[in-house]
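Take a look at the structures below.
After this come two complexes, each holding subunit A, first together with subunit B and then together with subunit C.
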Partner chain A sequence: MSGNSSLYKYTWRLPLLIWQAAFFVVPLIFLVVMSFWLVKNYRMQPDFVLKNWDKMFSRGYFWDAYWLTLGRAALASVIVSLIAFPASFALAFKVSDTTRRWAIFFLIIPFFTSYLVRVYAWQVILAEQGVINALFGTMGIGPVTMLNSGFGAMIGYLTLTLPLVVILQTFSLAAVDRNLIEAAWNLGCGRARTILSVIVPSAKIGLILGAVFCFILSFGDFVAPYYLGGSKPPTLSILIIDTTKSGQQWPRAAVVAICMIATLFTVAFAAIALAYGKPRK
Partner chain B sequence: MKSLIKPTRRAVLAGTAAVLTTPYLNRAWAADPVEINMLAWYGHGEPDMVEEFEAMHNVKFNSKYYAGGDNMLALIAQSPPGTYDVILSDGEFVQQLNAAGYIEEMDADDYDFDDFFPEFQNFPGHWKGDELWSVMVRYGLLGVSFNTDVVSHKEAMSYGVLWDEKLKGKVGHFDWHLPSLGQISLYNGNDDPSPFDIDEAAWEKLQETTMSLRPQVGGFFDYGGTFSNLKNGDMHAMCGIGDWITGVLRKDGAPVDSVIPEEGGIQWTESYSIGKGTDKGEIIRDFIQYMLSPKGQVRSIQMAAYPGLSPTKSGWIAIQQENHAEAVRSGLIGGVDNSPIKMIQEGRIHFRDIPQQQDLEDWNDFWSEYKNA
Partner chain C sequence: MRAALLLYVGAVFVFVFAPIVASVVFSFNSDRFPSIPLGSFTLNWYETAFADDSPIWEAFRNSLIVSVCAATLSTLIGFATAYTDYRYGFRFKAGYIALALLPPTVPLIILALAMLAWLSQLGLSGTLTGIVVAHTVLGAPFAMAVTRLRLSQMDPSLEAAAWNLGASEWGAMRHVVLPFCLPAIISAFCLTAAVSFDEFAVAWFVSGLNKTVPVAILEILQGNVDPQINAIGTVVFLTSMALVTVAQLLLMAKGRKA
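Showing the complex of A and B:
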C-alpha cells in the first residue's frame, strides 16, 4: 500500500524532474564544461584549460560590466517595488473585486505584445525629437537627453517588470488577514504604522518575490540596456553578445553566463531566506 | 457557315503563342525550383536582388543573413560542409575562408575581369597566385556621417569634427571595431601602407586617441539602432559608417549625409565565393555572372537594404542610363569629385582589413574596454 503510494507520488513528480534535468541541469553542465574549451579558427574544440576564466577575470571591463549590471538591477528592484506598492495597495484594499480583476487583466495585456516592440515604441517617445521632448519644447525646456542613457535603460526595466511586480504585490497584499489590520486599528495604530508594522510584514513574501523577479529579469535583460541605454556602458548580457560576435568566443561567453547564474542563485537564495526567515525577537 | 476545321487568324496566333510558351510553362510546372543556400549580409537574397534570376533559372534562394565577418565565419564553421552554395563575404575575410577550406576555387575565365576597373582586377586576398577564390561584386566608402542641420560639409571634412564640443554625447559608433578604429587610425595619419597595418607605437597611439573620443560618444549601435538614432536626431554624427546607411535615410528625407574626409576613407568590399562541397557550382557561376552584368549591377547599386557601388565599367554606364540621378549622387561618373575611382587613385581610400601587426583579439579586447570606459 505504502509502495503504491510512493510510486504514485513519484509519478507526479517525474515530469518536473525530467523538465528540470533536460532544460536546466544538462544545459548548465554543458555551459560549465564549455567554459574550459578553446576556440580555434572559429570552431570550439573540447579541452580543459583555464584560459577563458583567466582572460575574463583579468579584464577590467568584465568587472565594470558586472558591477554596473548588479547595481542597475538592484536599483530597478528598489524603484519598481516602490512605484508598484501604492498601486498594489490600492488594488488590494481600496477597490472592489471586479475592479481588481479588470486591473489585473489590464496589467497582463502588455505581455501580449513583444517586449522588443514596446522598447522600440519607447525610442520614439524618449528621442530628442520624440513625444516627451516635443511637450517640453512647448514649455521652453530641453531637449533633454533620455535615450541612450542609464535613464533610458531604467525605463526599459520598468516596462519589462512593473506590471509583473504590481500583480505579485497585489496578490500578496490581498491575502493579508483583514482581522490583523482591524486589530491594529483597534490598538491605536495610525495608517503609516499599520502599513509598516502589520501589512508589509504580513505580505513580506510576495513583496520580496516581486523584487527578486524584478532583479532577475533586469539583471539578464539585453534589450533595455542595448536599445534604450545605447550599450553605454555595456551590461553583462551585452558583453556576452560582444564576446560571441568577436572571434566566436562562446567559451568566454560561458564564463560570463556562469557568473550571472551564480549571482542570481545567491540573490535568489538570500531573498528566500529573508522572505521565509523567522522575524527576530 | 464557318468551317470547324479551318482555323481563324486569331486562333492561329493564340495557338502559336501557346506552343511558344509551352517550354517555359513545362519547366515551371514540371520541376520544383532548385534551392540555393546563400550566406550573406542582410538584403542580398531579397526579391529586389534575386527575383529576376530566380525566374530565369527556376531557382529559389534560401538566405541566411549575418552581420560581420566573425559572425559569417562562425556560421560556416558550425555547419556541415556543403551547407552554403554561395557565400557573400567581406573582402578582408576571403583569405580566412580560403585558409579554412570553406570555398571552392573559381575559374577566372568565367568572369570578365577586363570589365573591372583596374583598381579591382586583382583585389587583395581574392587571388592566390593565379588561382581565383572570390569575385568582388560591390563596395562602398566609409567616412564621416552626419546630420546636415548640425554639422556642415566643410566641418565634416575632418574626423576631428567628432571631437567638436557641440557633438558631445551626440557621436555614435556602429558597433564593430574594424571600421571605427580604421577611421581613427587614418585621423592619426596612419595611411601608409594602411590604417590597419600599424606598428606597436601607432597602435598605442590609436588606443589613446580613441579613448579621448569616449566622452563624445552617445552610444554603440547595431544596424537598426544606427538607422533610428540618425533619423530621430539623437546622434548628430556617426563613426564607422557611410553612404550605405545615410544613402537609405536620405531617400526617406532625413537631413543626413556622408563625406570622405581629407584624412581619407575606408572601403568595404563584398565578394561572392562558391561554397565548398556544393553540387550547384554551375548555377552559382551563372548567378555571379548575372550579378556582375550591367543589369545585376544596377540592382546592386540600388539595393533596397543598403546601396553599394559598382566595380565594373559597364555597371557605371548602366546606372548612368538607368538612373542618372543615382549615378550623380554616388559619383559613378568618371572624373567627378565624388568618384570613388578618383578618390582611390588619389590615395584617399584604404581597403578595410583585419589588423596586420596585431591579433584581431587585441583589437576586439580594446573595443570592449573602450565601450566600458
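Showing the complex of A and C:
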C-alpha cells in the first residue's frame, strides 16, 4: 500500500516500543551499569569497578538474606499451591460454569485491591491482643505469637498470591478433557489415582505456572516480610530498601536486584522446561 | 465429598476477603487495638484522617492526577499494541509481544530501584511525572491484554469491508474498530487506574515529597498501630473495587458480536 499506510502502521506499532524501551528496558540496563559505579560524597560517579559486587558477595548477611528469601519463596509456592488445589478442583469440576465465572470475578478483585491495607488488617487481626488470640483465649489457648515470624510472612504471601494461584489452577483444571477422566473411572481408577495420574499431569502447565507466579511475587515482596515477618533477618527486598534509603548506596542495591533477577530467570526457565518437557514413562 | 469441597472454597474466600472486611469494620470501631468483643461505633478515625488540614487530601489529589494520567497513557499504548498484534504480522513479533507483557513479572522493588536511578538521571525523580511514567510501564500490559481480548471477538473481514466501501484506514479505525473496542477501552482505563492507584513500591521510591495515597499509608504504617489507616483504607478499597468491578462487568457484558 501507499506511504500513508506505513504511517498508519507505525502509529500503532511504535508507541509501545518507544515507551518500554525508554522506561523499562533502559532502566534495567542502567541497573546493571550502575552496579559498577561508585558513590562518592553521596553521589554516584560513573566508573567501572567490581567493588560493589565484592562488597556484597563477601558479606555474610547478603547470603543469609539470599537463602532466607529463596527458601521462603519456595516454601510459599508449595504451600500456596497445595492450599489452592482443593478450591481450584472444586471450582473446576463441582460447580456450574456461571458459578465458576463469578468466583473468578471475585478472586480478581482483591488482586487489584490495596495489598498494603490488607496486610495492615492482618497485623491487627494476628496481634497478641488481636481477634484470633481473643478467640483462642475463649478456648483457653494462648496468647500465641503469630507476628514477626516466618508464619506471619507466610500469611502475607498467601494474601498476595492465593487468589491468583486459584485462578490459574482453575483455568487449567477446567480445561482437562472430561473424556480422559471418565476413561480413568471406567478403567477402575480410584478417586485419588484419577486425580494424581490423570488430572494433575493434564493440568500440569497451569499448576506449574501458578507456583511460578507465587514464587516470583513472594520472592520480590517486601511488605509481608517487613510488616508481618518482623523485618529481621532481612529478605533481599528489605536489603534493597535499606541499602537504597540509608546511605544512598544505589549501586550496591543494584547488585542485590541483579542477583534477584538472575534467580528469577533461572527459576522461570527451569519451570518452563518442567511444564513443557516430555512426561517420563 | 462435594459439600466438603464447597465448604473449603468458602473458607478460601473467607481468608481472601477477611482482611478487607476487617479493615472496614475496624474503621468504625472505637478501640485502638480492635479485638473481640468490638468496641463502640465511631466516626472518629474518619474525622481524624480526613480533617481539613490533613495531609491525606494532598495525597488523594496526587493519586488522582497520577492514576488518570497513567491510565490514559496505558490505555492508548495498550490499544495501539493490541491492534498491532491483531492486524499485523512482522519479524520479531514474538519479542515485541514479550516486551508488551513482561513488565508486571519483574518484582516491583527491582523496578522501583531501576526507575529511581534512571529517572534521577533524567531529572524526573521526585516528580509526579516520574510516577506517571513508571505506572504507564506497569499498566500498558494490562490495557493491552484487555483490548486484545475484545479484538479477538471482532471479525477481521469487518475492517476489510469498510475499506472496500471506500473508507480509508483511518476512517475504518474511527468508525469500525474504535466503536467496537469502546467497552474494552473503558475497561482498560478503569483497570489501569486501579493498578496505578494501588501501586506503592515504585511510587514510594520515586515520589520524593509528592506522596500518593499508598505512600502516605506506608509512612503511617512505619509508625505505631494507627486506626486511621482503616479509615483511609476503606476509601481506597471502595475506589479500587469499584474500578475493577466496572472493568470486569464491561468485559463480561455480551457485546454485539461482529
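One rule holds in what follows: the second predicted complex is superposed on the first by the 256 of 281 C-alpha atoms of A that agree within 3 Å, B and C clash if a C-alpha of one lies under 4 Å from a C-alpha of the other, contacts with A are read in each partner's own complex, and residues count from 1 in each chain.
Keep in mind that, in the parts below, a residue touches a chain if its C-beta (ideal position, glycine included) is under 8 Å from a C-beta of that chain, and two chains touch if they have at least 3 such contacts.
What you see is a predicted model, and the numbers here were worked out from it, not measured in a lab.
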Subunit B versus subunit C as contact partner of A:F48, first or second or both or neither: neither
Partner chain(s) touched by A:A257 [first = subunit B, second = subunit C, both, neither]: second
First (subunit B), second (subunit C), both or neither touched by A:D64: first
Which superposed partner A:P234 touches (first subunit B, second subunit C, both, neither): first
Broader residue contact with subunit A after superposition on the shared chain, subunit B or subunit C: C
Touching partner for A:L107 - first (subunit B), second (subunit C), both, neither: second
Touched partner set for A:G130, first subunit B, second subunit C, both or neither: both
First, second, both or neither for A:R13, with subunit B first and subunit C second: second
Subunit A residues contacted in one complex by subunit B, in the other by subunit C: 120, 123-124, 127, 129-130, 227, 244
Residue ranges of subunit B in contact with subunit A within the complex: 68, 70-71, 73-74, 76-78, 99-100, 169, 172, 175, 177, 217-222, 225, 228-229, 232-234, 360-361, 364-365, 367-369, 371-373
Residue numbers on subunit C that touch subunit A, as the complex places them: 2, 5-6, 8-9, 12-13, 15-20, 22-23, 26, 33-36, 73, 76-77, 80-81, 83-84, 87-88, 90, 96, 99-100, 102-103, 105-111, 113-119, 121, 133-134, 136-137, 140, 144, 168-170, 173, 191, 194-195, 198, 200-201, 205, 214, 217-218, 221, 225, 229-230, 232-233, 236-237, 240-241, 243-245, 248, 252
Residues on subunit A engaged by subunit B in the complex (per definition of touch): 41-43, 59-61, 64-65, 120, 123-124, 127-130, 145, 147-148, 226-227, 229-234, 239, 242-248
Contacting residues of subunit A [partner subunit C, same complex]: 4-5, 8-9, 11-13, 15-17, 19-20, 23-28, 30-31, 34, 44, 83-84, 86-87, 89-91, 94-95, 101, 103, 105-110, 112-125, 127, 129-131, 133-135, 158-159, 162-163, 166, 216-217, 219-222, 227, 237, 240-241, 244, 250, 253-254, 257, 260-261, 264
